[in-house]
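Chain naming follows the written order as A, B, C and D, and within any one chain the residues start at number 1.
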Amino acid sequence: MKRIYFDHSSTTPVDNRVLDAMLPYFVEHFGNPSSILIEEGGRPHKAVEEAREKIARLIGAQMNEIIFTSSATESNNMAIKGLALANKDKGKHILFSDIEHFSIMNQADFMRNLGFEIDFIQVDNYGVVDMDDLAKKVRDDTVLVSVMHANLEIGTIEPIKEIASFLKEREIVFHSDGTGSCGRIPVDVKDLGVDSMTISSHQFYGPKGVAALYLKNGMRLSSIMHGGFQEMGYRAGTENVPGIVGFGEAARFAMEELDERVHRLVTLGKKLWNGMESTIDFLHFTGHPKKRLPGHVSFWIEFVEGESLLLWLNLNSIACASGSACASNMMAADETGLKASHVLTAVGVPPEICHGSITFSLGKDNTPEEVEHVLYVMPGIVKRLRDMSPLYASFRQQEGKRK
Amino acid sequence: MKRIYFDHSSTTPVDNRVLDAMLPYFVEHFGNPSSILIEEGGRPHKAVEEAREKIARLIGAQMNEIIFTSSATESNNMAIKGLALANKDKGKHILFSDIEHFSIMNQADFMRNLGFEIDFIQVDNYGVVDMDDLAKKVRDDTVLVSVMHANLEIGTIEPIKEIASFLKEREIVFHSDGTGSCGRIPVDVKDLGVDSMTISSHQFYGPKGVAALYLKNGMRLSSIMHGGFQEMGYRAGTENVPGIVGFGEAARFAMEELDERVHRLVTLGKKLWNGMESTIDFLHFTGHPKKRLPGHVSFWIEFVEGESLLLWLNLNSIACASGSACASNMMAADETGLKASHVLTAVGVPPEICHGSITFSLGKDNTPEEVEHVLYVMPGIVKRLRDMSPLYASFRQQEGKRK
Amino acid sequence: MPGPYSDKVMDHFMNPRNMGEIEDADGVGEVGNPSCGDVMKLYLKIQDDKIVDVKFKTFGCGAAIASSSMTTELIKGKTIDEALKLSNQAVAEALGGLPPAKEHCSVLAEDALKAAIEDYRKKKG
Amino acid sequence: MPGPYSDKVMDHFMNPRNMGEIEDADGVGEVGNPSCGDVMKLYLKIQDDKIVDVKFKTFGCGAAIASSSMTTELIKGKTIDEALKLSNQAVAEALGGLPPAKEHCSVLAEDALKAAIEDYRKKKG
């Protein structure tokens, strides 16, 4: 059976049109963009700059505000380390939201070792950053705040503009991880007012191995990748030319087709959401019901363990994610990798449930028929797993007694 | 006219067979290798591990000693920062050879800011590391030494094995940048005795945007790219699957065809070297005449400026490099980018000449006819540029007087 | 499907053996804690020190379900002493191995078995 | 060829105007230093304060050669006073611009011209 891919939060397939644009840059136009004195370098150099312009246009930035990197993770590392180090004369205090991705969160220890102090901003039960808590936690020596634009696990979109204007008044540098938003919903960095933002290619039908950091003109950032003079000195290393070209094309298509994609996904998402709600009992949606990514439906189901649900869906040709899309790593060296999702904990989901969360993230090529099929398959799987569950058995017993 | 590409030190075209192996991983097998619970993740995960095995085999390492990165630059940054930080209890003193690439050299200031002390090991006029100077500079608190395996600007191959055994006795961690050697000449990390080594895909017909670090089992290394659990926790970020697959295939072909490639290149290199020697006067080869990369011929010519020579060669459909292959950056913001090559300065080439150096680096697909064509074209260009040179004019005048 | 789980694990996950409850069980063991993700309940029917029937219910991941299922298979028909010798490694091995992060699931199965036998002995007095 | 140099620069690099020496020049200016990579030598033939002929020799990069060539074109036929007004920006502009890292080459051309005129004035006494 044809697979139903509802896991666009983890990654997306490269668009065929994007791949076509990349192909000439592997063999034919393979030159090093730094070798601009020879013919071989000219075309790749131009291609990189054209891609830069497309990314800039997608998010309303200037061309020279786009720095290419190898992943959203690298962009986030560059931003936190680079902005904090460059501005450390201003202060040593850094704030992360409680629901940042590991590529922000797991920098905390390293930053502490460099002498910084890290605090965390709470979110409400919908995963929306608590402005009061932010106001309470901000200090005179706060130098940097990081709040993601959209959370890929629970779908919530954060009030970035509001946070940015609060921080601007206090002259605090503001980084936002736009991995979940850029290419999915309209993003205008000038309107949002962020100082830097991460953009990830493979989240919107571009290739893996390439991403970017928007860095507002005039911001100081210390390089953490030292070497040659590429990327205006911010990020050394020979450019991944085909990857960058693909990223650029993916950005162009995302921009041209954004309205259409959003519209489709909102419709499909609503269909899935409503269907789930009416067919599965003891189901709890996660994230904000309105301020959320289009086509993103996340939830947990009482008495159903998430991995088993995911495995059964997979056996039924349906791909989705359990726990953090990018984070769950079964191949971890030991069970310490199996912690409850910090995002779900932050939004108040009880720890025993965190393992049971599921994220359906739809993409531009999903269809209403696929949604219908998922809705058709789900109840049976849920029943099957509940029938196996001693927790459900004792719950039903209790319920029986009460009646 | 068909281009003659003699600039394989800067980058190489992707082998068509390598590209073919990559293609299924963009659209069809696009999954996230971390999503191993769903079918989409299985194949990419397996492909990454197979590529890891191929890289390991190329350099005689174990599979779990290979960490994928995005570039040789990143591998070098990971090695220097990561090894120094993880072992800083052992000491604060670091040694770089005088001819390291910028991706090592330009880390010096950052490391100094972290409290490390950096010294530099001299090389002789052939660019070979001076063992006596190394012995003199090593201290009780020396924690890390970095010496590249082969220099891509002057072709010299360093006595890595000798250096490694000297350092092993003193329990000093030894990193070697194998960007120039891996895939070009036989490399066996166990025989060499290095603790870590950089390997670059696009230096041997693999794609750009991917590289690796060999890290010997048991070595401590602090991660500098924080986030998810990829790459055994050493390097976070969603894997560049097609890039890694291509890198693996390039490694496989490099290994299978190594003898043949080396043999061909040694022959072509000799032909070019001898031809240059006999047709151009006042020519000086750089690097070691014997211990050098196959097919690598580098030199400077008196009274001929390098960029002009390179431009004329380019106009004659010949691609080569002047100064450091990866370093020269004409698009620098100002003239400070135009410093004399530190490599040539280190081997004692007078600064006024450094701008005049040329590197011909041949590759597996070059032919004897191409070498002949270059030898045919060179004298005319040299004459043309000398005729324009006031330096040559006054030299000839002086010579005339002497006679 | 290439994945972290062996074919054996997937087989037991998809077709769990001896799933269910035993109304008049001689021994019942329940271990685990929902907060660690897995809960396992094992029912034993014992005659003459021999396990004549066994059933399980499990809330948990694929490895937990497969470990429960395999454990029931391995102990059915065994004496109590033989069953007590069953180690979590034996369960994992019989399943064709478990990913390192999931080895605790086979431990849970062993624990459930021990708890059920203890319950039986306690009831028996 | 797309590259860092304009078509004008490449044209003057490939087909330098007024390249050579003037045996009986009225003014000669040599500037630059091989250690900075470029040396430029300018020869002037002057009649009635007018530059009637000019030649150059240059050791240097593409921008240096093109700047020299363009300078000779721009001053040929001009009076000394007019020539002295030639700025390095004018040379760079006439060449369709130079990459930022190469702007010093046009400065060198301006300097060579000034040195040559000074030499002429000194010789004239």
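We take it that a contact is a pair of C-beta atoms (placed from the backbone, for glycine too) under 8 Å apart; a residue touches a chain by one contact, two chains touch by 3 or more.
These numbers were taken from a predicted model, which means no experiment stands behind them.
Visitor: Look at all chain centres (mean of CA atoms) and spot the one farthest from the centre of chain B.
Guide: C
Visitor: Counting only Cα atoms for the centres, state how far chain A is from chain C in Å.
Guide: The answer is 39 Å.
Visitor: Could you work out how far the Cα centre of chain A sits from that of chain B, in whole Å?
Guide: That pair's centroid distance is 35 Å.
Visitor: From the mean C-alpha coordinate of chain A to that of chain D, what's the distance rounded to whole Å?
Guide: Centre-to-centre distance between chain A and chain D: 57 Å.
Visitor: Where does chain C touch two or more other chains at once, residue-wise?
Guide: Residues 1, 4 of chain C each touch two or more of the other chains.
Visitor: Counting only residues that touch at least two other chains, what does the list for chain B look like?
Guide: Only 36-37, 39, 307, 311, 314, 329-333, 337 qualify.
Visitor: Touching pairs of chains, all of them, please.
Guide: Here the touching chain pairs work out to A-B, A-C, A-D, B-C, B-D.
Visitor: Using the touch definition from the top, list the residues of chain A that touch chain D in their complex.
Guide: 36-37, 39, 41-43, 45-46
Visitor: Mind listing the chain A positions that touch chain C in their complex?
Guide: My answer: residues 303, 305, 307-308, 311, 314-315, 329-335, 337-338, 350-352, 355, 387-393.
Visitor: Given the complex with chain B, which residues does chain D contribute to the contact?
Guide: Those in contact with chain B are residues 1, 4, 13-14, 16, 19, 21, 30, 33-41, 57-62, 64-65, 99-104.
Visitor: Give the list of chain B residues in touch with chain A in this complex.
Guide: 3, 5, 7, 10-14, 16, 19, 22-23, 26-28, 30-32, 34-40, 69-74, 76-77, 101-103, 106-107, 110, 202, 207-210, 222, 224-230, 232-233, 236-243, 307, 310-311, 314, 319-322, 325-333, 337
Visitor: Given the complex with chain A, which residues does chain D contribute to the contact?
Guide: Against chain A, the touching part of chain D is residues 1-4.
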